[in-house]
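As written, the chain order gives the labels A, B, C and D, with residue 1 at the start of each chain.
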Amino acid sequence: MKRTRMLIIAALMSLAASAQGVNESRIVTDTILSKVLGVKRAYTVLLPKGFDSGDTRRYPVLYLLHGMWGKNDDWVSQGRLKDVVDRLVASGEARPMVIVTPDAGGGDPNVYQNGYFDMDGWKYETFFFTELVPFIEKQFRTGGSKANRAIAGLSMGGGGATAYGLRHPDMFCAVYAMSALMDIPDGRETDAEKPDGKLAKLTRSVIDHSCVRFVAEADSQSRERLRSVQWFVDCGDDDFLLDRNIDFTRAMRHAAIPCQFRVRDGVHDWEYWHTALYLCLPFVSRNFSAQ
Amino acid sequence: MKRTRMLIIAALMSLAASAQGVNESRIVTDTILSKVLGVKRAYTVLLPKGFDSGDTRRYPVLYLLHGMWGKNDDWVSQGRLKDVVDRLVASGEARPMVIVTPDAGGGDPNVYQNGYFDMDGWKYETFFFTELVPFIEKQFRTGGSKANRAIAGLSMGGGGATAYGLRHPDMFCAVYAMSALMDIPDGRETDAEKPDGKLAKLTRSVIDHSCVRFVAEADSQSRERLRSVQWFVDCGDDDFLLDRNIDFTRAMRHAAIPCQFRVRDGVHDWEYWHTALYLCLPFVSRNFSAQ
Amino acid sequence: MKRTRMLIIAALMSLAASAQGVNESRIVTDTILSKVLGVKRAYTVLLPKGFDSGDTRRYPVLYLLHGMWGKNDDWVSQGRLKDVVDRLVASGEARPMVIVTPDAGGGDPNVYQNGYFDMDGWKYETFFFTELVPFIEKQFRTGGSKANRAIAGLSMGGGGATAYGLRHPDMFCAVYAMSALMDIPDGRETDAEKPDGKLAKLTRSVIDHSCVRFVAEADSQSRERLRSVQWFVDCGDDDFLLDRNIDFTRAMRHAAIPCQFRVRDGVHDWEYWHTALYLCLPFVSRNFSAQ
Amino acid sequence: MKRTRMLIIAALMSLAASAQGVNESRIVTDTILSKVLGVKRAYTVLLPKGFDSGDTRRYPVLYLLHGMWGKNDDWVSQGRLKDVVDRLVASGEARPMVIVTPDAGGGDPNVYQNGYFDMDGWKYETFFFTELVPFIEKQFRTGGSKANRAIAGLSMGGGGATAYGLRHPDMFCAVYAMSALMDIPDGRETDAEKPDGKLAKLTRSVIDHSCVRFVAEADSQSRERLRSVQWFVDCGDDDFLLDRNIDFTRAMRHAAIPCQFRVRDGVHDWEYWHTALYLCLPFVSRNFSAQ
């Protein structure tokens, strides 16, 4: 009995004194030198519990993309990724996996070039597929094939994840889009104040890579390929991008490509994306192939 | 159409550039000079949207207590209180209310005196009921009676909230306990290394204020008074305090005092308490009397 | 101990031997003779626990409408209304209320006249507001004013509930639409095989009472009145009526009338509507005025 | 447009006119002649969509047990098993599986012999493992090994499922217990009115097969074997069997055997067990081995 009492106080002490211990996932931040972009880019990786204990096991991998103005550690600091992962892996609702949050921004899109697509002086999509993915999957014993690779993201990163899934359906078994910038209506020239500025280039790249138009214009062969990916679209009922997500899911329905769709309570904020992880991680887990 | 496009970019810009606007709750941190404690104590208050626009409306009030090692701004910084409140008030699931998170610690309980009970040199319960509550409810036009006053807390603060509700059932219409330190088994002298240290005093105060024993020993009049409060106990299935919460709910059942009980997936961490707010705020909202 | 054992067996026996007891809501089915319709119409009523113990308390009232091919006892037999009510009232998530499920069909719409609107030979809306509501609210001490009256329904009844709310915003404080037939696109003449048949009349009445068009065409005074009602639209992601519900919520947004919107997993079936009760009953409960 | 209108009416017609189509699971009820029991026993099987289209694919199998007073079709008629399965398989949250609901009762336990354990004149456990399981798994191309076999049940069937898992840990990869009769405290002779009656025999068999005692008394080898099974215990906060489930999960904790535990809102009723399926089916799905 006295022992029980001391254990409780000791537990309260140790909880406070340190992080919650050795039995958990681990966050690593590092950089990759990109020849394509001509710069070093940061990335953050969540490694599952037990990852580096010398074994040779390969893990499935989730690429998790940030939004405009964001950067690689957003999902950890704002989205509390580690807490959710540790909870869901402990309960079995998510499989141990490597989660990569790359940097496609660096902050203010007026100052830093930003975005997931190839544009003048910023070939991010090329970097992603020819440099980042091969590097990560070698470095961290992950993925290696579509069956063990998924992608997700929020806002601009939700659009990026969806566009990557649409344009590379052989690369991902599952795509989860949160509050995604699926499209910017109106294909005309941007009339931003500085038409050659970084933000104008970014805007044009989103218009050019409209996820809605891609599906609407997909031929029957392309549609068939898209059916080999599992799709999930999740957007708040008070999100200013809701109509873009409706447009996308409607296009998917008309193209007969199965796509889960949820409209939950919420706006365009981290509270929404944090809770989205509770749906996203089980979703990709059950779509990864067996180990 | 062009207008739609610009609105989307503008929305993304403005989301990033600032907090989400004028239509929301607001956080204030200040201090109260306590004669009882002989020191200034900090407190943090969440004021509902529109609070200070000159009206005279009174709001219901929730006192929300932190845990051991914690302090007044924990619920805002770690618990993301404002985000959850804004979401639930917008959807109507929580009523606009004032939420007060006082400081009963200040950090390391080996260094700072800590705890919600009266002990030698630290009459916190006296301070709470004779100084803090009257001050807050005058200053912020809140509560004023049991029908519009609730209390909740996590860990040591969950035990504090429950003990306050048990010992002052005329003060609160509803009590919500998260991962609560309801008790420390074994009533013998503490054998902590420093029996006169701050932590030993705190430990003894929790033993002396056991919520489980209070209910078990309550006479029929006391039980009847406790039935005038709405009770909710919420604890993770992997929380090291689960057995203490089971003991408490069992005592309540034996005493025929209705008490909601939930065991959800989780441990003793902020991920649990953050999600607990989604249950706690609607619970207290529906138990506040009409405006 | 022996006593505990006998209690468990006794509890299992009594659970099986009977319904779960006296402390619960109660279902009554009866008829009302309608002068407007020229026939007797059945209705089913759920009375809250303790309703008829001689007190004079008034209860809030929810009118809960069935779908095409349905009838008054669908919500009880298919929707398991009583089980959900007893659960949510016990936990405090729903307030004790009277729930009325009238009969606007009687079965096959090719055989029986059907629908919630006035049409040739079937003035159901007139019956509802001039006969049914006054009768129910006198008979069962309910509602009596907008502040304590809500309406909800599924499919054709979801459209009926919404249209009633739109056309009588002074009558209901809250409207909850499930998988609602908000509209049938295309206003042209019906080309059903029997243009004068019951089904053709019903179809035309839904077209004529389009909820989407009503909102789109509402002037600023009408919109202001609609803002005095709380709206909730809930539709499955694989429901064939999803686009109609999207159209309606979009019209509400353009008209700046706040409206909750949820798209959950599911199709047009009782599994969806059963779970919708867990959202609907708390929603109307928190929008009823205080007792 | 006219086409859309006709499609909506046609959809409403077809929904009403028939069950929801060919793309769904299917219920079969049949009997097995048991030499062990000396009688024919009924069983009901849910076969996944596409099961009998001539392929040779094997499916994982879930044995789902009814409660006292119950029989084989309870889970279909009261638990709405097919609706939940179709929903969760469509969304990917549950894997296509065969679900078997055997008959261990037949109704009134005073009249019909009842229960999942071997007792005088009723060797049900022997029947289950030596006749039913081999028969089902041959007949329906299921399971075949622990990795693809799970068991679950409610009340007496929850106790049965747990006891089977404890006593045959090599047979099941996962066990899900709902409101389970884990034990009847007090091991003394039953003092039921008819000590040789069917109910008294049943009571004694539950006492003899206490799940709580089994875990408490398990040696280290046995505990290690039990860790090869995934366990989930789910019980309502107002269920009269809650303390038995607490006892069991506590025993598991003391034995260091991981076990999920949830206490949700509710009592000992079908509303609880129906919603439990939404947790149970994903749980067993993620614990089945890959196909």
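By our rule, contacts are C-beta pairs under 8 Å (C-beta built on N, C-alpha and C of every residue); 3 or more make two chains touch, one makes a residue touch a chain.
The model shown is predicted, which means the values in this text are computed figures rather than measured ones.
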Task: Using only the C-alpha atoms, find the rotation that maps subunit B onto subunit C and quote its angle between 0 and 180 degrees, to the nearest 5.
output: 180
Field: Which of B-D and C-D has more C-beta pairs touching across its chains
entry: C-D
- request: Starting from the mean Cα coordinates of subunit C and subunit D, work out the distance between those two points in Å.
  value: 35
- request: Go ahead and note the Å separation of the Cα centroids belonging to subunit B and subunit D.
  value: 40
Field: Per-residue overlap in subunit A, given as positions that touch at least 2 other chains
entry: 91, 260, 265
- prompt: Connecting every touching chain pair, does the picture come out as line, ring, star, complete or other?
  reply: complete
- prompt: In the complex of these two chains, what residues of subunit A are touching subunit C?
  reply: 237, 243, 246, 249-250, 260-265
Of all residues in subunit C, those that touch subunit B in their complex: 91-93, 230, 260, 282-283, 285-287, 289-291
- line: Interface with subunit A, subunit B side, in the complex: residues 1-2, 4-9, 11-12, 15-16, 20, 67-69, 80, 83-84, 87, 90-91, 108, 155-156, 181, 184-186, 188, 190-192, 199, 203, 207, 238, 240-241, 244, 265-271
